[in-house]
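Please see the structure below; I have some questions.
Labels for the chains are A, B and C, by order of writing; each one numbers its residues from 1.
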Amino acid sequence: MNAPNIEYGILGPILIVLAAALIGVLIEAFVSRRYRYILQTGTAFAAVALAFLQLVLIRQTSSKAAVSSMSIDGVTIVLQGSVLIFGFLGLLLIAERGFQSFTAQAAAIPGSNEEQKALVSGLQQTEVFPLTLFAISGAMLFPAANDLLTLFVSLEVLSLPLYLMAGLSQRRRLLSQEAALKYFLLGAFSSAFFLFGSAFIYGQAGSTTFDGIRKSIVESGGSDQFLLVGLALLTVGLLFKVSAAPFHAWTPDVYQGSPTPVTAFMAAVTKVAAFGAAIRIYYFAVGGLVWSWRPILIAISIVTMAIGTVIAIAQKDIKRVLAYSAIAHSGFLLTGIIALSKDGLNATLIYLFTYGFTTIGTFAIVTLVRDSGGEVSDLNRWAGLGKRSPLVAGTFTLFLLGLAGIPLTSGFVGKFAIFTAAYKSGNISVVVAGVLASAIAAFFYIRIIVMMYFSDPVEDGTSVVIPSAMTVATIAICAVATLVMGIYPQPVISAINSLAFFAG
Amino acid sequence: MNPMNYIYLSCILFSLGAAGVLLRRNAIVVFMCIELMLNAANLAFVTFSRMNGTLDGQIVAFFTMVVAACEVVVGLAIIVTIYRSRRSASVDDARLLRL
Amino acid sequence: MNSLTILGLLPLIGSAALFLLPKGSDLLAKQVALGVSIVVAIAGLGMAFSFNRSATGFQFVEKHQWIPAFGINYALGVDGISLLLILLALVLTPVVIAACWHEAEGGRWSVKNFFGLILILETMIVGVFAATDIFLFYVFFEAMLIPVYFLIGGYGTGEKAAAAVKFLLYSLFGGLLMLASIIGLYVISGNQLQAPTFDVTALSQLSIDPVTQRMLFLGFFIAFAIKAPLWPFHTWLPDAARAATPGTSVLLLGVLDKVGTYGMIRFCLSLFPEASKEFGPTIIVLSLISIFYGAFLAIAQGTSSGDGNIKALISYTSISHFGFITLGIFAFTEQSHSGATLYMINHGFSTAALFLIAGWMISRRKSERISDFGGLQRVTPIMAWLFFIAGMSSLALPGLSSFVSEFLVLVGTFARYPIPAIIGTIGIIFAALYILIPVQRALHGPITPGNENLTDLTLREKVSIAPVIAVIIFFGFYPQPLLDVINPAASATLSALQITGIMGGK
């Protein structure tokens, strides 16, 4: 009997990032503190760039890999590409050293002497880079998984580093640690549901691979209760990750408490990864059960849109507003899954790709508005930003318009594509709900714009700091992407349309 | 014995764990309840493996154990830092974020 | 590149030039803006002369693929209706720039930004009227909100930020409803044609089942009724008009709001003939309510002793006038249609005159209260007389341009719906009241203390208002050139309706 064949070439992108993460751990352990930052950032950026290169080389692949526990096909390529791009942008923000977003020593008690000492001596620990790389590799694995076990393991590889990263904030340590605790407990709770659901699906299908599940649904006609119970529990776990209502409660807390660069990274990358995995599950593995899961997802999508938009109106903290906006966007994205068609698949991938740039750009700008105590996230203190710094306010306006889905921004293209797909599949109710939710959402985005332009600045020490080239580059890339994909989206759309097929 | 009984048992364990997560206030206890849920899933996997006559479920159980161990590492790290900061591991005390 | 694209691009280039000017060069900015807008207006008029008046269908057509994946084209073209509306915008823009020379001073941002925004708005207006691809139309429809938003919020008076937000939210809400309908149309076109499309002409060939047609019609209609504004969707207008500067109000009420009535003709009627027929009577009732509601509120502003606001008065008269326009559109006769289209043009000019002169009165008197303008007839006779002429045009005095259009609307409506036409005629009497009461009480009354030393119009102001007054008087006596352009388009719209049984059915 021969050992199974591992396709190193097409698994290359994931393996490169994973290897770099492990090297990062070694660097953290063995290299002198003075060189760590430069080595860590060098490794991280090089790894992501190399992985992307490898991904471009294998872009025509469409096959199962690693004994059919993974599926490297067009959908995976698009999603992994998105994850790598957003991971790179997130890393640029995380590597910004001007702001001291990250605590020097995560283990030190907030306000203690050790912490002070570490801060004063400038001995910043750099464990955040390998953690980010682990999260990126998990996020690349998650949408590629073709097997319930791989899916579960990659979910944890993605989530565990994020739990830790949420607790690394330099300012407001307690808030940050609390966010980490909440994220961890709720995340672990949802993974338990996820795993228990997987057990039941396995119990019915007799196999953990998606191909096996798909086949067994065809054979059984999809009537078995085990399968339905399992799918319901699995859905709970997935919906938690994509922060759909009623499993969204962690989102605002974690978005607010985490260091903002981590929030930016998390908002874009986990959304891509989780929706990527959800697409493969609902489209490929349990597509045969569509009549069972579609009504539930429709209800959840509508509730998510409603909660995300309505509660956002009452928020006073910019990061919480953006968190609720992320929840609302999850509702919009679910309509793409509900569509269950090639159009829906294309639209979801386009939406994820455009949304990632806009959301990273938004959070990148949040890191710029500061006072002596760190970031200013109180919305009232953003008043008059248009006067103080027209360029930053203008760019932020662009991102908000993108999130609101106003024409000529990329957000509109995504929204149009996804609503069209849902309408085409006959699910007009979610389209109407989505349109109404967009109208409510426009209200709170515009409220921020009003605040920036039409209120007079209050002299309370709030200012816009001049960032280093890395943050500037991130914001510039995101702004250009938001605008270009809004005005001329054709190349991106046709690239995604031609790639997005599942391997049979 | 009918293997379904093990499924019932795993469901009971899972429910107990879930109830514990929702009702208990100590972060460590909450975390232990989550472990209980994971182990309930393991039991279900192993039972289904027996019922289906395939080994996949048993392999999953091993993986779950490893993943659970990783979760313990991360989880305890977070809980310990928060305990050192405020001398309490009650999840009710962690409410700075409830605005 | 086609003439329409050039026409739209010129103001955009002008605005880019304005934004690049150094700080403080206000006078130069104004001169550049005025120069650009005059060039555009002349180019537009030149284009109009090469317009073939006897042909139906779109002219100056141009079409490029934009997002082929969705079947979206950059498609432009004009028929008689859209040509005249574009010309209205092109003529009014230089008038507004010249008339509001000092309006931007004291705004939140610099003077050059004000004129830059106006030029951007001009581009959007050309685009929205010229677009023959519904998607492109929607993009312009939404995008033009942004310059208006900043024009109201940045340079207005009073509760400007709130008014700007209210305007934006109402319009966005309507726009999103329209988006849902557009998506619906697009999907249906994909089912019925070889490939989904947004082309207006192709979409009007679809046969849509009645229930869907009704839903899609409402999506479009509510968006346009908010824009127009028709009672009960009008509530944003008085706030916006009160807060905006007179120049912004001219563009907003005179030109932008015509997108609503234009959209009803171009999209509601031609895409959903059955639903238009079904909702027609309801909309006629709404139109009548608008006519009287606007008139009563205007009279209330005019007669209230202390705080009648002149900008609010003009905005309420507009609600009344828009009622006449929608009445004409949904009466479905050739005369009423021609009248409604002509009304859009004439209302643009008469409102422009009213707002601009009111703006000069306000800036001289530093007050918006009607009761503060007492005795202007004696102090500033030219200004008072011009306001009087504009007012007479607004109440449709025979010999002034609005008369022709109002007459056509009512005669045309009478042919199909006699009773609403008669009720509408009563509306004219109220129109006389809302114009004559303030004119008589304020302008002709005794001189209010503080008015003694007001100066009359300057040469710049006289020159800038002259074309508007000339148009009002000229087309009052000789509307035929306009009707020649409008009639083929109007009958084309109606014959499209006839084919699907709106006339033959009863």
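The definition used in the following text is that a contact is a pair of C-beta atoms (placed from the backbone, for glycine too) under 8 Å apart; a residue touches a chain by one contact, two chains touch by 3 or more.
The chain list, named the UniProt way, goes like this: B = Unannotated protein.
These figures come from a predicted structure and were not determined experimentally.
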{"item": "Touch-based graph of the chains, sorted into line, ring, star, complete or other", "value": "line"}
{"item": "Innermost chain by mean C-alpha position", "value": "A"}
{"item": "Euclidean distance of C-alpha centroids - chain A vs chain B, Å", "value": "25"}
{"item": "Distance between the centres, which are taken as Cα means, of chain C and chain A, whole angstrom", "value": "45"}
{"item": "Computed distance of Cα centres, chain C from chain B, in Å", "value": "65"}
{"item": "Residues of chain A touching chain B in the complex", "value": "106-107, 109-110, 148-149, 152-153, 156, 160, 163-164, 167, 173-175, 177-182, 184-185, 188-189, 191-193, 195-196, 198-200, 202-203, 206-208, 252-253, 256-257, 316-317, 320"}
{"item": "Residues of chain B touching chain A in the complex", "value": "7, 10, 14, 17-18, 21, 27, 30-31, 34, 37-38, 40-41, 44-45, 47-49, 51-54, 56-57, 59-60, 63-64, 67, 70-71, 74-75, 77-79, 81-82, 84-86, 91, 94-99"}
{"item": "Chain C-facing residues of chain A, complex", "value": "406-408, 413, 416-417, 419-420, 423-424, 428, 431-432, 435-436, 438-439, 442-443, 446-447, 450, 453-455, 488-490, 493-494, 497"}
{"item": "Residue numbers on chain C that touch chain A, as the complex places them", "value": "66-70, 108, 138-139, 142-143, 146, 150, 153-154, 160-161, 164-165, 168-169, 172-173, 176-177, 179-180, 183-184, 186-187, 190"}
